[in-house]
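Note that chain A is present in both complexes that follow, paired respectively with chain B and with chain C.
So, the complex of A and B:
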């Protein structure tokens, strides 16, 4: 299968400001989350993919096409931009239908698709109202609707959860998951890492315009072996347990933290989580520290992200 | 129908209603009322003091309507054709559709043109109607040269079409089309069109003046009192050149739109 996205030494500068720098990567497809802090270059990359801007250097190919002003690509690409822009004096339905008509759909087909897309975004009841009367979340739904209405092969969404309430976020996450399952490639950016993590394990991390890491979340985490990993433990005798653990070579630090009520638990950092778990199993069998819970506090994307960018 | 024309038609239809119900349309209609109000004032005065000399009618039609109101209204409506999509950051939606970018300019320009034809046409028709019917208390009438009213009407409409095409193109070419447009109208055109010599031929006003006066050589001296002498083109040549300017402006704007990238703020 050919890659959905191939970027080679891709760079984009805005005068003296670097938007994206020397990014070489390949994305095979599926649902992929693009993460990075504000100003990392996420939107620049998505704009390059959507053909809105040209690379300053290097190249990018999307579904085999150079994207800038490429009409062939736009038949199979859906783009939801980040900017909160819509035709204020039009209805949500009219906007989606207009854009479908421009996509080459006949009037009846465009109408049916617009209704269907807006229904998927739970906007049926308000789709004939002017956009200027919509809430921020409803406006975002219209932007997503116009991106999915023509059943694109590749859906590119820049911060698609912006402005959505918790229910809306859940609905959009579900929709994106459905689209991904049905074979649509979805590339989306978000700074809400919890949501990225719940939608996909495939991530691309960029920071200061550079690619930091790419792949499945555990693989990305594995790249960070040099960083200590945090583990949290609850035990009946936490202070005694702490004294034992701090002697281990793979343990970097141990802190006793107050928990609920009089309970205390341990937060420790380890260089080698595998070795730590093996040794801990043996310790738990030999000694009676009353270990009641154990969790890796930083297996989440949030923690990976923090490690990478700080 | 080719993709270009079908996209142009879809955009024209979609933006026609939007254009008519926009603030720009309201401002344009307000500006177009000024020559009508001035004509009514002249008509009222002429009832008591007799019809004014033809020069007054000519200068009002030319200076107030053709040289001031037409470019201003064309600037307000024409500069929005592409620039509004960029300022409102909605152009992304159009740029990511499988259509030639030129269709965005042409489709929206045609919608703007309909608005211009309606507001400028109505204003011009009213002005001509009022001025043609001028008479004094004792029934004295003002005698207009043959075909003058029709030429004035054509000047207003064609001027509006050409100027708006130029400003639509400016919207695709520069960041601040209104500012550049004002400079173009009132500095470049206003200066060159009133300087003696061949430079006049670089202005839209020269061809509009040729269209208005070309068939009525007897009116020329009235102009020459206030304007530098000029050598006029024939009305047919003037129309041809004006159409050429219109098409060239749209072509340049469309070409720029097709190749330019617009970095929109998030």
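So, the complex of A and C:
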């Protein structure tokens, strides 16, 4: 399968300000989360992909097309910008229908699709009200509705969860998951790492306009060899288990931590989590330490983000 | 109550139709939205409507009175010897008064048309001044330019919205008056003898609307807010007028052409076939000045639309 996105030495400058610098990457498709701190260049990258702006240097190809002002690509691309972008005096329905009409849909089809897309975002009851009466979350729903209404092959969403309440967030996450499972490529940015992690393991992490990491989250984490992986264990005999574990070459450190009541936990660091898990399985089968829980404390996106960015 | 939507999203299997005029949806939606501003429409169009009704009535009464005079017998109370002489003078007077009436109506239509230019400017400025700057401010251009349209389509759609309101003020009233004059004049004499007023009025309406719309869109493309664009439009008219007066009197008469209002008045007079020696700008200079302005406005608007991409 050809890549959805191919960027080569992609750069975009706003005068003296570097928005994106020397980004070379390929994204195969599926649901991909774009993460990075404020000012990292996420919106710039998404706008380059959506053909809203031209690269200052390098090139980007999206679904095989040069995206800037490419009408062929825009037929199969849905873009949800971060800015408000809506007319106060128009209704949500009118905005979505207008954009569908601009996409080449006949009036009846545009109307039906606008209604369906807004229904998907739970806006049916308010879709004929003017945008000026909408809450921030409702405006966000309209923006997402216009991006999905024409069934794009690639959906580009800049901070799609902004302004949504918890229920709205869950609905949008569910929607993106469904779109992804039905074959739509989804590329979205978010500050909320938990939500990105909840939706996909495929991430692109950029910082200060440069690509920091790309790929499946566990693979990215495994590459961070200078940060030993933290593993937390609960066992009936934690101190004896600690004595056994500290002998292993892949284990860097072991600490016994107080838990609830008289219970104690082990917190250890390992250089090779794969080897550690393999040996631990054997140990647990041979000895009876009563291991009751095991978790990797810093394999989350947040931990990876912290390691990479700070 | 919370809802879930677990149905699979329906994929579009049909064919997308390429609009020949891709600006059409922008134009129609823009008009629909603008036409909802009922108070503004009432304030902006009530004076032209009242003026048109009154003026139509005046034209109608003029023709009726003229017809009444013509119907009066020239032979009443005359001796036999005077009949031939009176008959000749009656015919001459009838022809002359009819001709004068026709000329009078034509002249009045011309003056009325020029007066409507002010209302056209108000309407275009009100409805057109926010078209680009409000889009830029809200980021709406990002939604437009993620669709299969070009910047030219975007411009044409917006131009159409503003121009529509200009044409409503510039084109409809003269056409209504011409219609009234045609119906009121005996045996469609107005239509037969002065028919060329209609295409001339249409040409003037299109010229005036095009130039004024470009001015408003130019201001909108440069301004950060709608109110600034409004100030820019009226400021331009006033400043260019004042500057042209000062430079025209102090340096050279050619500088009178700096006033866009005077240029349009000169061109209006020329298009309507009425030479007016009192106008400070010659038609040639006015054409040059207006052409330069139109070219300048188009270049700046194109550059500003191109630069929309760098606005985050």
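Operating definition for what follows: the second predicted complex is superposed on the first by the 246 of 310 C-alpha atoms of A that agree within 3 Å, B and C clash if a C-alpha of one lies under 4 Å from a C-alpha of the other, contacts with A are read in each partner's own complex, and residues count from 1 in each chain.
Rule of thumb we're sticking to: contacts are C-beta pairs under 8 Å (C-beta built on N, C-alpha and C of every residue); 3 or more make two chains touch, one makes a residue touch a chain.
Everything numeric in this text was worked out from a predicted model, so none of it was measured.
S.K.: Chain B versus chain C on the shared chain A, clash or fit?
M.R.: After superposition on chain A, chain B vs chain C: clash.
S.K.: Once the shared chain is lined up, is A:43 touching chain B (first), chain C (second), both, or neither of them?
M.R.: Both partners, chain B and chain C.
S.K.: Have a look at where A:218 lands relative to chain B and chain C in the superposition and call it first, second, both or neither.
M.R.: In the superposition, A:218 contacts neither chain B nor chain C.
S.K.: Taking the superposition on A as described, I'd like to know which of chain B and chain C A:274 touches: first, second, both or neither.
M.R.: neither
S.K.: Could you tell me if A:119 is touching chain B, chain C, both of them or neither one (first, second, both, neither)?
M.R.: A:119 sits against chain C, while chain B stays out of touch.
S.K.: Have a look at where A:98 lands relative to chain B and chain C in the superposition and call it first, second, both or neither.
M.R.: Once the two structures are laid over each other on A, A:98 reaches both partners.
S.K.: Check whether A:151 is in contact with chain B, with chain C, with both or with neither, and answer first, second, both or neither.
M.R.: second
S.K.: Of chain B and chain C, which one contacts the greater number of residues in chain A?
M.R.: Partner touching more chain A residues in the overlay: C.
S.K.: Could you look at A:109 and tell me whether it touches chain B, chain C, both or neither (first, second, both, neither)?
M.R.: second
S.K.: State whether A:179 touches chain B only (first), chain C only (second), both chains, or neither.
M.R.: second
S.K.: I need the one stretch of chain C that runs into chain B once the two models are overlaid. Options are 5-13, 167-175 or 185-193.
M.R.: Given the superposition on chain A, chain C and chain B clash at 167-175.
S.K.: List the residues of chain A that touch chain B in one complex and chain C in the other.
M.R.: 14, 43, 50-54, 69, 71-72, 74-75, 77, 79, 81, 83, 85-87, 89-90, 94-95, 98-99, 101-104, 146
S.K.: Which of the residues in chain A come into contact with chain C in the complex?
M.R.: Touching chain C from chain A are residues 14, 43-44, 47, 50-54, 69, 71-72, 74-75, 77-79, 81, 83-87, 89-90, 94-95, 98-99, 101-106, 109, 113, 116, 119-120, 122, 143, 146, 148, 150-151, 167, 171, 174-175, 178-179, 182.
S.K.: Which part of chain B faces chain A closely enough to touch in the complex?
M.R.: Interface residues on the chain B side: 3, 7, 10-11, 14, 18, 21-22, 88-90, 92-101, 258-259, 261-266.
S.K.: Could you please specify the touching residues of chain C with respect to chain A in the complex?
M.R.: Touching chain A: residues 2-6, 8-12, 14, 16-19, 22, 25-26, 29, 32-33, 36-37, 134, 138-140, 142-151, 309-310, 312 of chain C.
S.K.: Applying the document's contact rule, which stretches of chain A touch chain B when the two form their complex?
M.R.: Residue list for chain A touching chain B: 14, 43, 50-54, 68-69, 71-72, 74-75, 77, 79, 81-83, 85-90, 94-95, 98-99, 101-104, 146.
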